[in-house]
Amino acid sequence: MWASFSATFNRQFMTMRRAYPWSFFIGHILDGVYIIIFAYLSYHFIFQGQLNKNFTSYTGTSNYLSYAMIGGMLNSFSVSLLMIVSRMLITEMREGTLEALLLTPSSRQGYFLGAAVQGLMRSCIEMIAIFSIGLFFGLKMVSVNALILIPVLSVFCFAIFSQALVLGSFMLVFRDTYITQNTLFVIMTLVSGVSFPPQFLPGWLHTLSCIMPLSYGLNLFRGVVIEEHWSGSMTQDLFLLFGLGVLYFIAGSIFIKRTEKTVVEKYFG
Amino acid sequence: MNLLSIIWAEVRKSHRHNFNNHLVYFSLFVWPAILFINAYYAFKPFNLQAGSPLARFVPFDKLGLFLITGYLAYIFFWSLVQSAWQMAYERQQGTLELLLLTPVPRIWLMFGRAAANLIEAVWLFSAFSLLIILFMGGVHVAEWWLVPVAIVLLVLSAVIWGGFLNIIFLFSRDAGVLYTLFEAPMEFFSGVRMPVLAFPIWAKSIAFLFPLTYVLTILRGVVMEGKTFRDLSGSLILLLGVLTVLVIASLFLVRVAERHAKETGNLTLF
Amino acid sequence: MLEARHLKKYYTVKEKTGWFSREKQLIRAVDEIDLSIDKGEIVGLLGVNGAGKTTTIKMLSTLLTPTSGTITVDGTNVVEQPNRIKQQVNMIAGGERMLYWRLTARENLMYFGKLYGLHGQTLTERCRQLIRLVGLDEAADHPVERYSKGMKQRLQIARGLINDPDYLFLDEPTLGLDAPVARQLRKTVKDLAKVRNKGILLTSHYLEEVQELCDRVYIIEKGHLLLHGTPERIIQTVVNIFHLQAVVSGQSSDSIWLKQELEKRNVQVSVKDSDEGKLLHMTASFDMTASFIALVAKQGLILKKLEATKPNLEDAIIKLAEESHAS
């Protein structure tokens, strides 16, 4: 597993250095920045800082700007990481290298992990860019406690990685990236509490947020950096996020294994 | 050979080619519908009760109508970006080069493509929007003859915009750039989900670069605010001005693109 | 030895018949195929498009699981221990696929090498050797996208050898290559089998290539095994027509005698006049050259020209295709 991890990491790194995927990079940053500007313009210019009472009671903060900006930031980060990992196999298929890869007796988990860790570099650069722009428009973090933040982010990355495995196998089944990924992304952005608390949504839509790692990630991240306290519900969220990650990981590994076979059949049969 | 026959040929081709897969309706219907819902709920954290500062720009009971007209007009423009993306596939399969081998004037081909894809791309979301509008009520029209005029203007602007994007695509190998530079800012700054009037100067100046901004002002003026032809004449003149600039730019760019392609042979590279 | 017994691969394909209706169809891509490859041997796998060649190769290389039947490599079952088999086999397909275009030749080989569990000095050394073997020394550190077709194809060979496999499957390796490049490649393939003792399975559309390289040939058609044997045997079994053209000088009576004698031996003969003498055109189901020369010598005639057309593998395949088409 280590060999295929490091090999894939290196390969992806070299590919990135040679042909940086600028349009995805800028696209992800802009998606985050638009959420930031939307929050800024709505808050200051349209609503003159007047919030709905329910907002404070749902979120426990009256800092709408930071709430929405962190939403945009983490949303872009998740989209970026999901795309990088989930598109791996289908890209191999399109470029004609999938068979050569499947011929080798290498670990698929190591392969995906290598891609994910390399992709994480890119996603982090994007997140930092969005973050800096957010600061300019009034993003305020009350506390940045690395001791809590690092484990939270690690669990979050694991859960997103696992979700990407499931997404990736759907892509292989549908032989499509564009529709599959964006359908997930628009739903994810709607239900996970990116720019408004999901409690505003009708009940059935609200329940959808339970299967999105992003919604737990946002609760935790906002809790840590805006609200500056660790509550019991956050511990629960952290465990739920981890559990969700494990579920997605198992489901994703099984799906990928299965679809790999059928893809070779369909594609070349 | 005239423009109509080219459009018809493109309609038949794109029907077989692009709409054969029903998944395409996700991007043309499901996404915009969800985006519309998302835009609606994104206002929920704010004060939407009587006396809301929003009322300075949009009566707060007409927020739904404001957003659905926004997304209706947006989907016209958005569908054409997707058709421009199809050029990327034509480029890969080498059929783009074949198209340019034919004696059809390039500019017709580019606008023809845009027009051909429009109807099939927008009918579903248009029907959805109409239902939502009827359901929500609040339509206020002063001069009914302006409604078809507004729709014709919407179609015309979308086709000109789409043709322009198709031509940009003759230069670029990367579909993402097109989206990043022209499409995402348009959804954001043209007033699809926020009243442009509320913008600060810098955001307004971006907004007025996009024809969608003027189309939306006119469309909303006609169906929501009961404006008359005279009220809207200013926006109309501005819209026609922007469209003229786009057509001239397209004419110029298509020449440059072809010359460029002949020199570098870059149409086959992808 | 690599052995496949009663190999079958069936697919169900859903055919779209309307907006929402679909029809299931069973496709027998491979149906009861037996084959074997020994080390040091080049075995051909022939058939027209859609015969099941690629599916067979995919099953042998662990990419596809057979519907039924067994494949063993030196006694190890392919389905049961795919990872062990993957170390022992590799596949090379024609065309420009199966390489990362943005990486250089060396980077490609290093990447795949690591996926085979190689590392350190062993890996670096193997990459260097393979690059030299396929003659890519100068371009080794250029990205593959700048390579010509032939260079990519040679790099494919190197990739296929990265795990030093005992058995190598070549799917149309010379597809679309220039003649000199293709010839060089054939030489490499021959050396791999004869010098480096690898078992090679080869599919190709260029039948001369197969005839030149292969020790044995399997011909399959619609998933079934049609024939198996050395190229010569196959030609003999399938195409039993030999042509011989000769010009002899002499009297008309001599040629009439010759014609009669040959026809007694079941040879069809036509005689024409030509500038240099009598032109005889002979057709038979066996090689009649020896008998003809004996007759000419016996009568004391002067043989001015002799031209025998031997049937080749291409004739055999065409005949087989025609027969199956007719049936």
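Residue numbering begins at 1 within each chain, and the chains themselves are lettered A, B and C in the order written.
In this text, a residue touches a chain if its C-beta (ideal position, glycine included) is under 8 Å from a C-beta of that chain, and two chains touch if they have at least 3 such contacts.
These numbers were taken from a predicted model, which means no experiment stands behind them.
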item: Topology of the chain contact graph, where touching chains are joined (line, ring, star, complete, other); value: line
item: Relative to chain A, chain with the most remote C-alpha centre; value: C
item: Chain pair with the greatest number of C-beta contact pairs; value: A-B
item: Centre-to-centre distance between chain C and chain B (centres being mean Cα positions), rounded to whole Å; value: 56
item: Cα-centroid distance, chain A relative to chain B, in whole angstrom; value: 29
item: Geometric centre distance via CA averages, chain C-chain A, whole Å; value: 50
item: Touching residues on chain B, where the partner in the complex is chain A; value: 23-24, 26-27, 30-31, 34-35, 37-38, 41-48, 52-54, 57, 174-177, 179-180, 184-185, 188, 193-195, 198-200, 203
item: Parts of chain A lying in touch with chain B, wherever the complex brings them together; value: 22-24, 26-27, 30-31, 34, 37-38, 41-43, 45-48, 50-52, 54-55, 64, 67-68, 174, 176, 178-179, 182-183, 186-187, 189-190, 195-197, 200-201
item: Residues of chain A touching chain C in the complex; value: 3-4, 6-8, 10-11, 14-15, 18-19, 95-97, 99-106, 261, 264-265, 268-269
item: Parts of chain C lying in touch with chain A, wherever the complex brings them together; value: 11, 13, 27, 29, 54-55, 58, 61-65, 82-84, 86-87, 90-91, 93, 95-103, 107, 110-112, 114-117, 119, 143, 159, 163
